[in-house]
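Both complexes below contain subunit A, partnered by subunit B and then by subunit C.
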Partner chain A sequence: MIEALQLPPRKDPQKRTVSPTRPPEARSRASLGLSAAAAEGRFALQVCAECNAVQYPPRDACSNCIGTDLPWQNISPAGLLLADTVIQTSTKLYFRERTPWRMGTVKLDAGPVVLCHIHSDCKKNAPVTMLNRLDAAGQGVLLAIPTTRTTNMEDDPLLRALSADPKHRRILITDAWNPNTPALATALIEAGAAAVFVGESESWRPHPNRAALAQIDKVEVQPLDVTDTASVKKLAGEFGGKTDILINNARFMRPGGVLERGDTVFARDEMEVNYLGLMRLAQAFGPAMCGRTADGVNASAAWVNILSVNALSNSPDYGCFSASNAAAYSLSQSLRGEFRSAGLRVMNCFVGPTDDAWYQPLPPPKVLPAAVARSVVDGLKAGLEDVWCGDVAKDVRERWMRDAKVLEREMTTGVDGA
Partner chain B sequence: MTQRQNYAGVAVTAPFSMPYQRYSIDTAHWWIARALRGSLDAAGLRPAEVDGFSVASFTLFPDTAVGLTQHLGLCPRWLDHIPMGGASASVSLRKAARAIQAGDVSIVACVSGDTNHIDSFRNLLSSFSRFAMDASYPYGYGGPNANFALLTDRYMQTYGATREDFGRLCVAQRENALRNPNALMKKPLTLDDYINARPIADPIALFDCVMPCAGSECFLMMSEEEAQRRELPYAIIGSTIERHNAHAEDDIQLRGGWTLDLDELYGMAECTPNDIDLLQTYDDYPVISMMQIEDLGFCDKGGAAEFVRSHDLTINGDFPHNTSGGQLSAGQAGAAGGFIGMVEAIRQVTGTADTTQVPDAKTAMVSGFGMINYDRGVCSSASIIKTGARA
Partner chain C sequence: MSTLETLAADIASGTVTIVDLTHTLDPDFPVIILPPEFGQCARFRMEEISAYDHRGPAWKWHNLTLSEHTGTHFDAPSHWISGRDVPNGAVDEIPVDAFVGPVIVIDCSAGVAENDDYELTPEVIQAWEAQHGTIPEDSWVLMRTDWSKRSGDLYLNMKEDGPHSPGPTPDGIRFLVEGRNIRGFGTETVGTDAGQGAHYTPPFPAHYILHGAGKYGLQCLANLDQLPPTGAILMAAPLKIKNGTGSPLRVLAMVNR
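For the complex of A and B:
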C-alpha cells in the first residue's frame, strides 16, 4: 500500500532547487505513434492491416508477415505481470536520482510482451492494466497498474511522474471573468490543489464571478491583465516561483467573420488577449516554471491552454475569433518545443461552443463550465497533451483526423441567395 | 534443410589476449592493432601475409573493418565485420573456415577489441539498438542489468534456482581468474561476498555483473598444411552453429538458439557432452551461463542449478568452465567479450594455457550469446574445437 502524499513544508530558499533532468527522449519515427496516443490517453499499438498481428516494439514491417501497413489501433490494456525488477542504479541521471525504480515484463492479452514501468501495488503473476502516458521527456511510455483501485494509488511516485495531478499543487487561473473560472477553481480544490490563484483584470469593475470565487476556500484573487506586460510581469514576480500549474482561460471573443466586422478593432483585441496574452504569460511565467519541474511534490507540472476547437479549422460565424485561437494553438506548439527540455508539459483543452452569452445564437449541444473543469482536471491527472471537451470538440477532432480538407469544406458552406 | 559439411583441413592457431584494462585512453583501433600484432608475432607472420581479416568491435565508430584495412595497412582479399557481440567468435570462425576451404583466402586474422573510456559504456548503451532505444531504455535505463534481472527473476520463478546457485558459478570462475594473471579481478570471492553484494537491479547484484573494460583478443586461421609448415600448435574445428532470433514466441527468454541445432553440433563433431573436456560459456550474467549449460545438453532444461551444486566448475574440477575467469572475473572488453572463451579454448586444446591449463584438454566447447536488441539476446553460437597439434 502507498503512503498518502503529504503537502510539503514551505520551501527553504537556501536549499538548491534540483535541476530538471529527463528520461531518454530519442525514439524512432514509428515509435512516436505511442506518444501521439499517450497525448490523448489512449493505449494503442500497431496492428498489421494484412494479418492483424499486434506489434511491439513499434516497427516498420510486421514481424509475422512483413506487411508494411501498420496502423495504430486502440488495444485492450489487459495483461499479466511475468517478471519484475527494482533498478537500484542507472547511468541516466533522471533515473539515478529516482531509484529504486520498478520495471518489468508484461504479457499483453493482445499478444506482445512489453517492458514497462510497474506501479508498486502490482503483484507478480497477477493481472495488470496498462496505461500509456507521457513521461517527463514528452514521450509515450507504458505503465502497469493494478486492475482494481488501491489506496492512494495516484500517489505512487512513478504514476505521479507520469501525470500533472493537481493534488498539493498551486495553480494559477488567468481570467476571473471567464464564466468557467468558478467551476475550474472548485474542481481543482476538490482534486486536492494546495491553492488556486485567480488573475482578475479591471478589478474596479464588478463581475458575476467575484462573489462565487470569494466563497471557495484556498482561492486567492490577484490583479492580472494579460494585455498588459507590466501587469503580467508583476504577478509573475510574486507568484511565478510558486505556480505549479498555469491554466490560461483568458478569452476575448466577438462573433463574426472578416466581412461582417468591417474593421480590425475586435480582431486586435482577440489577438491581444488570446494570442499575445498567451505569449506574455509564457514569457513571464515560463522560465520560472521550467526551472521548477524537479522541485519535489509540488514541482511545476503543466501549462494549460483552453482553446476553441475552431483553432483546428475555422468556423466563419466566429471567423476572426477562430483565427486568434489558431494563432494561440500554433504558439502552444512552439511552447511545447521550448518547454520540452525542462519536461514542462503543455496541455491544450479544445472546447466546443460554451453555454455563455457570446455563443448564445448557436444551437446545442454546448459545453457547461463544469464540463470544462472536469476535462481539465481529468486531463491533468492523466498527463494529457490534447483534451477534447464536449461533443462538438470530439466531433471536430474525428473529422479533422479523418481528413482536414474535407472538414474545412464542411465548415465553410455558403448560403443560398447570397 | 541441407546437411552442413565438415570443416576438415582448417587450423585455428596463434591465440592472443591483450591484457585488459579497466579504463583506457587508447582507441579500439589501438587495441585491435595490439592483438593482431600479438597473434602475428606468435605465428611469425608479417601483416602483408594476412589476406583475410575479420573484425568484431563496438567502439570503432565511425570506422568499420573497411577503415581498419587502411589504418593498419592491410590488403585483404577477404574482409568481414561481425556485429554480433557475444556471439561473434564462433561466427567469425565458421565464416573464415568456409572461405579457407573454398580457397578464397589463405590466412585470416580474426580479431575483436574495444576500448573503454570513462563514458564509453553510457554512450554505447544510448545507441545500441532501435528497439532498446524505443522500448527498453525509457523504462529506468537499467541497461542490460535490468533486462537480465527480469530474465533471472523469471528463471528463478520457473526452475527454482536460487541466488546461491548463481553464486557458486561466480565463485568458481573467480577461483579460475586468480590463476590468470591478466584477469582484472584479483581478490578471492566467497559465496557470502556474492550474496551480500550491493544490489544493482533485483535479483541482480554486483557480482552478477561484468566489469566493462578495454581489451582485445585475436586468433589466426589457415589450412592445416600451412599451420604444420609453420610448426604452429593448432586446433581443428569439430563443428559450429549459429542462430538468430530463435524462440521469438517465448514470452521471456529462458532458452537460446542452441537448442535448434544441438544435434548437428554434436553429430558433426562426432562426440557427446561427456567428451567435452572444458566449456567456455558466454557469461555476461550467471543465468546465461546456466542457460547454456542446459541448452548445450549438459543437463536437462531447468537442471543447471542442480548441476552447479553437484559439479566443480574450477580448472581442476570435474567440469572445467570459463577457465580464464570469464568475463565475470576477467572483465568484459566489449566485443572482445565474445572472443575471450574462444581464444582461451584454443590455448587449452593446444596445451598453451599455462597457468589455467586443464590437464590433457583435447575437446573444448565454446558458446556465444549476444545482442540484447530489446528484451532478449538475439544471437547465439557455439563451436566444438579439438586438438590439432599440441605445443
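For the complex of A and C:
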C-alpha cells in the first residue's frame, strides 16, 4: 500500500533547488507513434495491416509477415504481470536519482509481452492495466498499474512523475473574467491543489466572477493583465517561483471573419490576448517553472492552454478568433520544444463553442465551464499533451486526423444567394 | 520688460505657478467602457524595445499603444457625429492659439460628494456667475468634482445600469456653448458627459453640443482643486495627429499666487 502523499513542508532556503534531469529521449521514428498516443492518453501499438499481428516493440516491418504497413491502433490495455525486478542502480542520471526502480514484463491480452515500468501495488501473476504515459522527456512509456484501484495509487512516485497531478500543487489561472474560471478553480481545489492564484485584469471595473471567486477557499486573486508586459512580469516576480501549474484561460473573442468587421481592431485585441498574452506569460513564468521541474512533491509540472478547436481548422463565423488561436497553438508547439529539456509539459485543452455570451447565437452542443474544468483536471492527472473537450472538439479532431483538407472544405462551405 | 519677460520672471519667482492637471499614463488607468460589441478604447500599454541590454546596449526606450482617447485627453470636434463637418475639426487642423487661453473653474465638489450623478445645470452656472462674474467668451470651463481623487472601480463607478458620475445636463452645456460661447469644457471624469449621459436628449449632450458647435473637450483632468475660479491660463495642446479626433496630452495651468 502506498502512503498518502503529504503536503511538503516549506522549502529549506539553504538548499539548492534540484536541477531537472531527464530519462533518455532518443527514439526511432517508428516508436514516436507511442508518444503520439500517450499525448492523448491512448494505449496503442502497431498492428500489421496484412496479418493483424500486434507489434512490440515498435518497428518498421511486421515481426510475423514482414509487411511494412503497421498503423498504430488503440488496443486493449489488459494484461498479466509475468515477472518483475527492482533496479538498484543505473548509468542514467535520471534513474540513478530515483532507484530503486521497479520493472517487469507483462503479457498483453492482445498478444505481445512488453517490458514496462511497474506500479508498486502490482502483484506478480495478477491482472494489470497498461498505461501509456509521457515521461519527463516527453516520450511515451508503458506502465502497468493494478487493474483494481488501490489506496493512494496516484501517489506512487512513478505514477506521479508520469502525470501533472494538481494534488498539493500551486496553480495560476490567468483570467478571472473567463466564465470558466470559478469552475476551474473549484475543480482544481477538489483535486487537491494547495492554492489557486487567479489573475484579474482591469480591477477598476466590476466583473461577474468576482463574488464567486471570493467564496472559494484557497483562491487568491492577484492583479494580472496578459496584455500588459509590466503586469505579467510583476506577478511572475512575486509568484513565478511557486507556480507549479499555469493554466492560461485568457481569451478575447468577437464573432466575425475578415470582411464582416472591416478593420483590424478586434483582431489585434485577439492577438494581444490569445497569442501575445501567451508569449508574455511564457517569457515571464517559463524560466522559473523550467527551473523547478525536479523541486520535490510540488515541483512545477505543466503549462496548460485552453484553445478553441478552431485553432486546427478555421471557422469563418469566428474567423479572426480562430486565426488567433491557430497562432497560439503554433506558439504552444514552440514552447513544447523550448520546455522539453526541462521536462515541463505543455497541455493544450481544445474546446468547441463554449456556453457563454459570445457563442450565444450558436445552437448546442456547447461546452459548459464544468466540462472544461473536468477535462483540464483529468488531462493533468493523466499527463496529457492534447485534450479534446466536448463533442464538437472531438469531432473536429477526428475529421482533422482523417483529412485536414476535407475538414477545411467542410468548414468553409458557402451559402446560396446573391 | 516685455509681457513674456515678466511672465518668465514671475514663474521663476513663484508669483505664477504651473499646475499639472494631468493623470499619469498608466496601464491601470480606466478608460471608457462601451457595450462589448462596439469597438473599444485601447488601454495604455508600454512595450520595452531595449533597456541598456543586448537589444540595444546604451539606450532604453518603449513602444506605446494607446487610443486618442486614453488617459487625460483632448476631444476635437471631429470626435462626435455632430462635429464631423466642422471646419478645422481635427487636432492637426485646430489653430494653435486655441491651445492656450483663459480658464474658469466651477466647483461642484460639494454637490458631487452627496450625489454621484450630480448635474451641472444652468442654475448652478448662474449661481457661480453671481459670485464670480459672467463667464468670459472663448474661455475654457472646467467642472471641478474632485472625481480625480477616486481610484480603482470607484472611478468609472460602473453599475449594472452603467456608470454613475457627474456631468452637465443638455441645458447646462447649451447655456455654456450658446449663451457664453466658451472655447471648451473639461471634466475630471472619463468623459465630458455624465456617466448616465446616454439617457439625456440628445444622448451625450456635452459631446453632441460642444463638438457640433466646434468646441473642444478635456477629460480625465486632475488637480482642479488647485485652480482659482477665475484668472488662470490653461495650456492644452494635443499631439499633431493627422485627422486625429483627440489626443492624450499634458494639461498645464498658469496660476497667479
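We adopt the following convention: the second predicted complex is superposed on the first by the 417 of 418 C-alpha atoms of A that agree within 3 Å, B and C clash if a C-alpha of one lies under 4 Å from a C-alpha of the other, contacts with A are read in each partner's own complex, and residues count from 1 in each chain.
Everything below uses one rule, namely that a contact is a pair of C-beta atoms (placed from the backbone, for glycine too) under 8 Å apart; a residue touches a chain by one contact, two chains touch by 3 or more.
Keep in mind it's a predicted model, so treat the numbers as computed, not measured.
Participant: On subunit A, which partner's contacts cover more residues, subunit B's or subunit C's?
Facilitator: The larger set of subunit A residues in touch belongs to B.
Participant: Determine, under the contact definition given at the top, whether A:Arg27 touches first (subunit B), second (subunit C), both, or neither.
Facilitator: In the superposition, A:Arg27 touches subunit B alone.
Participant: Should A:Tyr56 be classified as contacting the first partner (subunit B), the second (subunit C), both, or neither?
Facilitator: first
Participant: Applying the document's definition of touch, where does A:Ser203 land relative to subunit B and subunit C: first, second, both, or neither?
Facilitator: second
Participant: Where does A:Asp225 make contact in the superposed view: on subunit B (first), on subunit C (second), on both, or on neither?
Facilitator: A:Asp225: touches subunit C, not subunit B.
Participant: Now for A:Phe266: first (subunit B), second (subunit C), both, or neither, which partner does it touch?
Facilitator: second
Participant: Once chain A of both complexes is superposed, is A:Pro287 in touch with subunit B (first), subunit C (second), both, or neither?
Facilitator: Neither partner.
Participant: What is the contact status of A:Arg254 with respect to subunit B (first) and subunit C (second): first, second, both, or neither?
Facilitator: So A:Arg254 only meets subunit C here.
Participant: Residue by residue on subunit A, keep only those touching subunit B in one complex and subunit C in the other, then list them.
Facilitator: On subunit A, no residue contacts both subunit B in one structure and subunit C in the other.
Participant: How about subunit A: which of its residues touch subunit B in the complex?
Facilitator: Answer in residue numbers: 23-24, 26-28, 30-31, 56-58, 63, 82-92, 94-95, 101-105, 107, 113-117, 124-125, 135, 137, 139, 141-142.
Participant: Give every residue of subunit B touching subunit A within the complex, in rising order.
Facilitator: Residue positions touching the partner: 121-122, 125-126, 130-131, 133-143, 145-147, 149-151, 153-154, 157, 198-204, 248, 251-252, 374-375.
Participant: Sort out for me which residues of subunit C touch subunit A in the complex.
Facilitator: Against subunit A, subunit C makes touches at 27-30, 33, 36-37, 39-40, 43, 45-48, 151-153, 155-156, 158-159.
Participant: Could you list, by residue number, the parts of subunit A that touch subunit C in their complex?
Facilitator: 202-206, 223, 225, 227-231, 254, 263, 265-266, 269, 357
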